[in-house]
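When the chains are written out, they are named A, B, C and D in that same order, and each has its own residue count from 1.
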């Protein structure tokens, strides 16, 4: 569908393997990683700008691997990693002149590309962007366009490219490929893309209203609780591999200085949520607030990283 | 109710009756070829009996085989025969010895002197490219506009550098067709105080001969005039739309405290309805001793403003009503001119009164009362037709 | 490239002049009673004509047209496909004790899989991998397959899901035939002309209607055998169960219904539904909100929200008279007083258009969602209206 | 802040030396911290700013480049040093706050050293009145097409005193020599902003006697001043000033020439003179 110049094999003809160890242990519940963090605890973020000299701005972002993943990597027992960690790089090219054919634009014209490295996820991605990558690109563009002061850059274009080196998967590798099948991992990837792109834009000295940062929150109903009627709980910065069932999730791009959201993507059934007594918020409101809290956390990292690179450059001269 | 879902309307498949559209154009159809009863598309080649095909002809149909006629627009002649054959679907028109076919639907074809509303699509170094719903973009040279600071000022190279401060992409202008080039593209000018950038109002495009399908907020089914004299244009075609007429620009005094509203019917089917600009009168009334050139300077300077004046909500409401009246007329296949628009506006006020009584019981009192669709639209059309 | 740019920013950015944008924005942001260019009330939809079951070669189909001539046709086709074995089915077949694996509610064999629903959108003037069709189809698909995410816990048991009223497991569960076979649903959306406004509401409503009219042939085989079906179309079952006496009781809410995605914009403090292209062009925020009926609570529930990039960010700014070089020395040099726009927090000179920048406040989002969801609100009216379309 | 930020050991991919990781903190804390910093900033202007940082009240200061106003406050919109331009009594009443892109301020060290060390950044957009260096790509009868190589620092341009301008030249010498090299010509042109010098903008005197061929040749490096943003493709430049015109050129023989008068340059090897619109050398 996407590649019109080559004849590709039938898509989806192959599947990642199913491991025998899982068959014996049923669903492999014993090897499965559980969330160790508190519901409001965020993962650490590694963020650095200005790594790619040929680009006018660049950044590299990494989510801290979960404790169990670190352990599994140092002492591999199973082929199945307990979880995945996000690693991505973002480059900004421009502002540069628009192509000759393009019409006059009084504003900066933004183009975003999000591409998974072929090895980034459990299932190999092709070299041609698929629909989920295009979808992410649109989300990212929406998030950034609200933050950029586009009228300061008439007649010019800005290309933003995000390469995902390791993606947050939609589920635990050991799970059957079909369990909670919605692409929850994409939302974490998007949040990472937003924060990284924001840092790269600041690195390129493009005018923006604020450092826009991404955050994820989810309503999770894990089977660990005995009563099946338990309401889903709100968790920030969820790693899909650590949860059996994510009921709904939400990612925001948020600008703390203005308390504004430039991009919101919420999906799943958020009608039921276990909230604290006296909390009158409905499920989706709690979810959005949670995601904003997560984005605030990411913003502090973002601000530090930008400030640090600034000081470093000034120190050199 | 937030949503209205209607069953699909089955198109009337009965054969076309040439008379059916005469309700409004009958009065001035004198230039039409005599019509005799029902005309069906007649593909049967007629031999040279001197008769002229009447009513609607379709491409390929022989209009006449009589050599005494000259062929006009919309026809062609086989070099080996004397038959005049239609190339477009439309009405046959006869001007002395000239036979031409006026298309039922076509794009606007510019003619010298037309008052048009256009949208700037491209700024070049010495001219603008303007969308006037014609097949080709029109051009507006920098030399054909009134430069600020007096109309007699010479164009300098500084003006070229700041060409975008006069008009830039997206701006709407009202202009006049100054000349038509060989390829049919128009050259415009705004060298008059009544032309220039449009502000304080809304834009409306009517499709058909007058408008382009790609334009925003277009209304389907409208037919502007093709070419030809205004009388012929008024009578040709089955649909509505803007036609060349006595007045393309006038000021309408609205009801409900809306004040005065300016209406510009571009011949090309682009319509601008805005709050009345006081313009020259206001300037002259406040400063009586101002010389005429000075006054023109003052008026012309606001030609390039892109800042709206304060338009009160009542005026906005009546402007919205007028735009809908245009839509109703177009959808009803009635041509749009000063008379029909004024009539339909009056009718819409009357309908409002009628409907207002029934509406009182309903919970959603004011909800969407200004939306003229369906039954309301039919009633307005009915009333408009009665007034004629 | 320019095509892609247009596609991703909500709709082809209409070239509107700053004066038009300013006029529209002010009209639409009038407190309490916005004046829409076509006179509609804020929650009023454009009237549309609708019919369903128009394509005999499909399992279900619908056509919806707006008065401006834009039309969409949706055809739904269902095919039988073999379910790829997953771990727990393997486990149960090998161990021969499938009974005790009651906790396998997450498995695809029981609750279905989202990839079984495939959606493609064809919009004239766009390639099928352009951003707009991809974005639209992802948006509509995710609310469709995610519509009952928590239904798995009680709907996991039965293999058939054959027409029970509550339709446990939602659409995905309904597609399960048995542990080895399932239906694959192809939803093909065709827009018949270049979109005059952002086509989302039209496509979503048409898809909803087509799914309502979709029938699956009646299963004649039993249990785990290879499925075969009754060829009598009369006895085929609706994908989404319908009741013949729907009008009789208010129990319509019991039926699972496909979601609808509504396009909502905010201009100033007003919230406007089914915006036209010009209205989107000046919107502060554009949200696509998917809702469906909550079978348990009887009201509406939210399925997804996506922000759509408002094209107002890419518009041309106006020049205030005080800064206009062509007006120097003209009318009295009145100092334009900048006023704070409460919706954007920017200082603006009245009547001068500024491209929007920044995002949207949380309170505005909450307000927009509330307007959709509230009892007797727009969402319910739209669902009721669609329910009323005759399906023969 | 230090209790929340910590430097950790080397990250997995050895690329990065200095690491900054912030433990996920509860939002209330984050909020508190933000408010805290905001309060302190209200009193004094920070020396460094990052986008979205509040710099001061719009009632006290005027907003300069690199900042924007929101809710009567001035916020930074780029990352960089904050510079406070004092109020000029006759023109403006408020001091102007701006954030500069130039990562070396003249105050920090000697200007020449600062320029030499800081890596040149190209992402300043040409604006009206900015001085640019451009390479001639085409000479026509009525105009010359050029491609803008670098936009010179806008702060030094108006008062281009000798030392500073000289340091400018030092700094960009490397760019110029590589740009003047014919081998590098074709590849990067799409990435540069295009501009046009119209015949009437070449010089201030004897405008009608200008012959474009005798003013510019393809490959020349020209110092020009931006007149207008122009149409959708090109900017408009002027060289109608003594300090504007050709700064570097190669002769027919391919040697770098030196200026001998305001309209002539000479090849040091062959001794042949060629006509140019020469910029005043310093």
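Everything that follows uses one rule, which is that a contact is a pair of C-beta atoms (placed from the backbone, for glycine too) under 8 Å apart; a residue touches a chain by one contact, two chains touch by 3 or more.
All values derive from a computational prediction rather than experimental measurement.
Enquirer: Can you figure out the chain closest to the middle, judged by Cα centres?
Expert: C
Enquirer: I want to compare two interfaces, A-B and A-D. Which one has more contacting C-beta pairs?
Expert: More contacting C-beta pairs are found at A-D.
Enquirer: Please report how many Å separate the Cα centroid of chain A from that of chain B, as a whole number.
Expert: 52
Enquirer: From the C-alpha centre of chain B to that of chain C, how far is it in Å?
Expert: About 37 Å, centre to centre.
Enquirer: Where the CA atoms of chain C average out and where those of chain D average out, how many Å apart are those spots?
Expert: Spacing between the chain centres: roughly 48 Å.
Enquirer: If a residue has to touch 2 or more other chains to count, which residues of chain A qualify?
Expert: Residues 99, 102-104, 106, 149, 209, 255, 258, 292 of chain A each touch two or more of the other chains.
Enquirer: Of all residues in chain D, which are in touch with two or more distinct other chains?
Expert: 70, 229, 231-232
Enquirer: For chain C, give me the residues that contact two or more of the other chains.
Expert: Expected reply: 316, 345, 358.
Enquirer: Taking the touch rule as given, give the residues of chain B at its contact with chain D in the complex, in rising order.
Expert: 122-125, 157, 161-162, 164
Enquirer: What does chain A use to touch chain C in their complex?
Expert: 1-2, 15, 18, 22-23, 26-27, 99, 101-103, 105-107, 109, 111, 129, 131-132, 134-135, 137-139, 141-142, 145-151, 175-182, 209, 221, 223, 228, 232, 244-245, 247-248, 250, 253-255, 258-272, 283-285, 288-289, 292
Enquirer: Which part of chain C faces chain A closely enough to touch in the complex?
Expert: 1-2, 4-5, 8-9, 84, 86-88, 90-91, 94, 101, 103-104, 106-108, 113-115, 128-129, 131, 134-135, 137-138, 142-143, 145-150, 152-153, 287, 294, 297, 301-309, 313-314, 316-317, 345, 355, 357-362, 365-366, 369
Enquirer: Name, in rising order, each residue of chain A that touches chain D in their complex.
Expert: Those residues of chain A that touch chain D are 37, 40-48, 51, 56, 60, 62, 64, 94-100, 102-104, 149, 152-156, 202-211, 236-237, 255-258, 292-293, 296-297, 299-301, 303-314, 316-317.
Enquirer: Along chain B, where are the residues that touch chain C in the complex?
Expert: Residues 1-9, 119, 121, 148-149, 162, 165-166, 168-172, 197-203, 214, 216-220, 297-298, 301-311, 313, 316-317, 320-321, 323-324, 327, 331, 366-374.
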